[in-house]
Amino acid sequence: MRPNRLREIWGTGKAAINGWLAIPSGFSAETMAHQGWDSLTVDLQHGVVDYQAAVAMFQAISTTDTVPMARVPWLDPGIMMKVLDAGAYAVICPMVNSAEDAELLVKSTKYPPLGGRSFGPIRGLLYGGADYPEHANDTVVGFAMIETRAGLDNLEDILSVPGLDAVYIGPSDLSLALGCRPTFDDVDPPVAEAIDFILAKAKEHGKIAGIHNGTPEAALRRIEKGFRFVTISSDARLMAAGARTVVGTMRAGTST
Amino acid sequence: MRPNRLREIWGTGKAAINGWLAIPSGFSAETMAHQGWDSLTVDLQHGVVDYQAAVAMFQAISTTDTVPMARVPWLDPGIMMKVLDAGAYAVICPMVNSAEDAELLVKSTKYPPLGGRSFGPIRGLLYGGADYPEHANDTVVGFAMIETRAGLDNLEDILSVPGLDAVYIGPSDLSLALGCRPTFDDVDPPVAEAIDFILAKAKEHGKIAGIHNGTPEAALRRIEKGFRFVTISSDARLMAAGARTVVGTMRAGTST
Amino acid sequence: MRPNRLREIWGTGKAAINGWLAIPSGFSAETMAHQGWDSLTVDLQHGVVDYQAAVAMFQAISTTDTVPMARVPWLDPGIMMKVLDAGAYAVICPMVNSAEDAELLVKSTKYPPLGGRSFGPIRGLLYGGADYPEHANDTVVGFAMIETRAGLDNLEDILSVPGLDAVYIGPSDLSLALGCRPTFDDVDPPVAEAIDFILAKAKEHGKIAGIHNGTPEAALRRIEKGFRFVTISSDARLMAAGARTVVGTMRAGTST
Amino acid sequence: MRPNRLREIWGTGKAAINGWLAIPSGFSAETMAHQGWDSLTVDLQHGVVDYQAAVAMFQAISTTDTVPMARVPWLDPGIMMKVLDAGAYAVICPMVNSAEDAELLVKSTKYPPLGGRSFGPIRGLLYGGADYPEHANDTVVGFAMIETRAGLDNLEDILSVPGLDAVYIGPSDLSLALGCRPTFDDVDPPVAEAIDFILAKAKEHGKIAGIHNGTPEAALRRIEKGFRFVTISSDARLMAAGARTVVGTMRAGTST
Amino acid sequence: MRPNRLREIWGTGKAAINGWLAIPSGFSAETMAHQGWDSLTVDLQHGVVDYQAAVAMFQAISTTDTVPMARVPWLDPGIMMKVLDAGAYAVICPMVNSAEDAELLVKSTKYPPLGGRSFGPIRGLLYGGADYPEHANDTVVGFAMIETRAGLDNLEDILSVPGLDAVYIGPSDLSLALGCRPTFDDVDPPVAEAIDFILAKAKEHGKIAGIHNGTPEAALRRIEKGFRFVTISSDARLMAAGARTVVGTMRAGTST
Amino acid sequence: MRPNRLREIWGTGKAAINGWLAIPSGFSAETMAHQGWDSLTVDLQHGVVDYQAAVAMFQAISTTDTVPMARVPWLDPGIMMKVLDAGAYAVICPMVNSAEDAELLVKSTKYPPLGGRSFGPIRGLLYGGADYPEHANDTVVGFAMIETRAGLDNLEDILSVPGLDAVYIGPSDLSLALGCRPTFDDVDPPVAEAIDFILAKAKEHGKIAGIHNGTPEAALRRIEKGFRFVTISSDARLMAAGARTVVGTMRAGTST
């Protein structure tokens, strides 16, 4: 089976650089896949993307060595299994609030006996290879998002669930959960503290910790602290920021 | 009929700032439309976009005041009429090589008696208003691309075609036509000379001149010279450039 | 944030006129949006519409002042959050049977601390404006459908759930639930009685009550009784009815 | 091969009642196909429809006995052959201006030796049956639209082209061509005269004459005059008209 | 209402031959529908298919007499109701583990009073006929997949749920559940035993039993044993197998 | 630039094995791309495929080493340039009837000074690499289809057009053109003779000759004769044949 480059990176003690896809287009996904990211996550939760578009995006990413991933809309076995069957090598699940939630994530992303994933890895076989069934459980990665008050309170239990690979922090939701402004990098002190706490606990349990960032500078600081999976910005944000800069320069240059 | 903001800008003697859309997605188009461009051109020629995607993109642009435009794949009456019927307020036609070509462009984009556009402005009525039929000929803009040796040679004839509104320069094709490297801003001397020639002749004939640019700096210089319609970069290029910068910063920051 | 015209109408004591979209097409949605409805609801439950089509339809509606809404397929947090993120200003949730159901509806449609909606209003920001996060909870409307025996039995509890904005009656399902023929306007007596009961209770709790209708005549009667949100027919039904009339006239006129 | 119901109707001396599809959706097409039309024409010219949507619409129509037809965007062999291969049983070609144009229409829609249609009736075989190749030339119908000054001037020549089956009048374009207001039913006198002329000439040459109408009343009058193929309104127009009536009734009923 | 050919076949004591669709395309579905299958199942679980594609596929199948079916991704009322509303005449639900699961399946696929299916059979009316509401409960078939350890353990309870029509065995999942290799036809002895057990119990309860097969030979053996619904291979598998054979022959023939 | 495997195969004197794609789906294209074909041709002429679907199919093929190709609907510069920009490495153009036609093919597929292809290889850069512009003319292959009486008559002239890479025979159209039954492998004697003639002339002019086949056996015989590019069957045909065999076996096995 094609190895998961994320696990290879983690095996060398390094951090993976993840891009984010909110535009439902195979062409923009392929363009992003040529920019050097270690992995790209198709966002089926807050991105404007559904399953059929996601499949086209996985195919587009698969023209390169970048690892195809998905964030699913919710803790729902159906869609978690569908994105894996379509060739995603990692799944990020939002708002994991309890050990029970984490168990359902594991159950949905690992084959028996570890989990209860239903068998039928249709595009997974094309992307991963004919021995996908034997190696999928050790290859595919499941991230539990810790971004609610309940998720924080039950963190130890969540991290103790067998088969859970990693946690991922959504700073905006975590901020709202703690009564703070929803933002990525410059979070309020209670959020900063919670992030440190999650990272420390993940390390304790030998789990990978990942986090969403607005800028590469913030992401580099996160890596220094010990995060091993950092997302920076998104396709739509990078495009919009570039466009705003261009238009701003044009307006400034023609305003006299 | 909803006025064409391009004509309003030109009426005040100013230049219009045009963005470019190569990603076949209504969501990326809408995101671009919120960044302040005067107009946005859906590129059905070199963009990865066909008609059905273009319609969704026109709708997305129409949620804002940005003018929806299209570049068509070729000098073909069918597609020119279809994008106008779908609500485009301007059409850019590639590789207009002769007065005959320019006449076909006019014929395809203006109703009789000026032209021969077929009647059925289905989404044009929704976007432009119920009086679209009366005002379309004075509202819609047709750009003839001058980007071949023949186009240069026949420039006077092309500019003399009644009903032609504007010309648009594709520096890459023009460069290739003149035996130079295909590029946007830093064109070779023969291309620079040809661009100046086209601009001068367009002014002589009272036609708007537009041009494709890679950077805002180049576009500002073009405006200073007298261009009244400048395109800068594209959705996919801005996204890719942003991503490359982010990944570059991340690799630099983690390479020790 | 762009105000929700539904709330403005309700603020003046009037009723909103809602259209219904079952055809998965941005073009038919835009055409409907130009006919004067106060709001248009994309039906992801019984309409032939999924999320990706719904986004295109929201964009199409957003070219006008008509309020974009969605009925979701089921009481599922994932899809409720996704349609809101895509810019819907109201969500209708089918078959709310208990206070617990209503709480999940509120949790899925309101940000903390009122609810548990996950943060990432990607197209909501484009449609609503940059201050969407601050005002979304007071702008977006959540309708709980009362259309089952359990929903009737638990009506008081449902209406007492904090953050619930409105109820919506599906006469067909309510009829089936009460052992009657599934229909819209000419419901059987037990259904008529249940509808009156729901309306009275909603008023008592200061909640808006809405209802589905087949004809404008029935809808006007509903408004007179106190309903403040009435749906009439649908895109597909109006088209089919028009076509049947045309074909009928033609067959009658040519049958001799 | 499945017979063409249009030819069967014409064989009994009757007129066919044709509906018109401008919405790019298989569901709206199927809904229309259940309303009793003899044939339904997917409008790839002024409808918001491209080829891929048209195929889905042909499939939808093929769930009933209604004859699937297409109007193509322009006199282009590629698209004429593609819609036939996809199972259309008739093609309407806009703006046929000369015998040469009519010959290209015949060449594009009939197999050798009569024409030059390329062989590969992929969905035609599914829809028409395994003997499609033998009978296609006698089954498929080609309509030449007469709607320009040149078309009028060259009418005799056009009608004399071997293999041409029928003509179709676009009253709006014909009106514009004659310097009149673009409209369907209540055309100006010069247009009325031209229509009578086309009908008379078609009869002389033994060709079927068809025409576009806004209302069934106008269509019935056309049939009385001798037209054998009448289109009335369209999916989008019928839907919009129904919606306008509903909203008008609601506004009138709530305006006090 | 159009009768369900599956029930007609079962009424004569015979077995139905079912094809399987994993390619999200109306054209491949229509091509398959012309090959003589009794029914075709659109696989929304392990196929690369979502709801919008499934609707197009149901339409394509509906151009023939083949029965349109769907396997849903998970035991979720929303999607089960949506595929039925779109005209599916049978639903296969994966991983039914308990009587409670089976009850939810029945509740989602049958109207009150038997179940709780929400009313709005939009395309069901087109496909089935105007009397769909009265006959749907007796026409539509619901299959509970027995393919987990829990499903086996609770088989009697599941089969005792009123309104359940049939069970369907997924040999791969059942194999994994029993610690065996995931495969279709040549299952390991514990799986073979479990399959016999399920079949025997289904017969006892007067329920139809169906099963997935890789080859017609295996399917024929299953029919002999008493299975009344057999699936063989899939669109993608048949295509791939054919292609492998062709390429193999070509490589062998050109390798000298 | 990524080399064109077709040219590599031809450089070693061997024949390339080409598959054919008529189903408009990225998933079926990717499945085909894993079966060992040297190249796969997306058929935009007789396949049920348009440009937007073709792009998804090119992306799917690009996940493997198989060469992505396209057959265009007609000799139209717009679509030939669009498929190349989208990453096709070869274009097959139907019904090339004269040297003038062949020159237009070359003009549309090669950059100046050899041709007149417009510059903007958007996905070509992603697939081929950053040096695409320099090497495209020597990498991309253009096939002129010889399949009409005129094509036969003008064969010498066509083969003499500078820049033409190859010819491709469509046996069905060629058969019709010569008054014979349209078929692939078992062509009538006049067609067999014409095929031999084309092959001999292509060899004389040092051009590659390719041909469409129904079976591998026929294709092997063609290779032995000197054809260097053979297509065998298609995705839809292989799927349908496999399905027919399965259903036939099932009917035979259950007919007693």
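For this structure, a couple of remarks:
So that you can tell them apart, the chains are marked A, B, C, D, E and F in the order they are listed, and the count of residues begins at 1 in each.
Just so it is clear, contacts are C-beta pairs under 8 Å (C-beta built on N, C-alpha and C of every residue); 3 or more make two chains touch, one makes a residue touch a chain.
Chains and their UniProt names: A, B, C, D, E, F = 4-hydroxy-2-oxoheptanedioate aldolase.
Note that this is a predicted model, so its numbers are computed, not measured.
In summary, the chains found to touch both subunit B and subunit F are A, D.
Annotation of subunit A and subunit F: jointly contacted by B, E, touch as defined at the top. Of all chains, the one whose mean C-alpha position sits at the greatest distance from that of subunit A is D. Remark: among chain pairs D-E and C-E, C-E carries the greater number of C-beta contacts.
When the contact pairs of B-F are set against those of A-B, B-D or A-F, over half line up by residue number only for B-D.
Averaged C-alpha coordinates put the centre of subunit A at 34 Å from the centre of subunit E. Separating the centre of subunit C from that of subunit D, both taken as means of CA atoms, is a distance of 38 Å. A straight line joining the Cα centres of subunit E and subunit F is 38 Å long. Averaged Cα coordinates give subunit B a centre that lies 52 Å from the centre of subunit E. In subunit C, the residues touching two or more other chains are 22, 24, 27, 31, 34, 48, 50, 52, 55, 76, 79, 123, 236. The touch graph of these protein chains has some other shape, matching none of line, ring, star or complete. Remark: the chains found to touch one another pair up as A-B, A-C, A-E, A-F, B-C, B-D, B-F, C-D, C-E, D-E, D-F, E-F. On the side of subunit D, the complex with subunit B involves touching residues 22, 24, 45-50, 52-53, 72-74, 76, 79, 94-95, 147-148, 170, 172-173, 176-177, 179, 182, 236. Residues 26-27, 30-31, 34, 55-56, 59-60, 62-63, 123, 126-127 of subunit F are the ones touching subunit A in the complex. On the side of subunit E, the complex with subunit F involves touching residues 14-15, 17, 19, 22-25, 27-28, 31-32, 34-37, 48, 216-217, 219-220, 223, 230, 232-233, 235-236, 238-251, 253-254. On subunit E, the positions that touch subunit C within their shared complex are 50-52, 55, 76-79, 81-82, 85-86, 111-113, 116, 118-123, 133.
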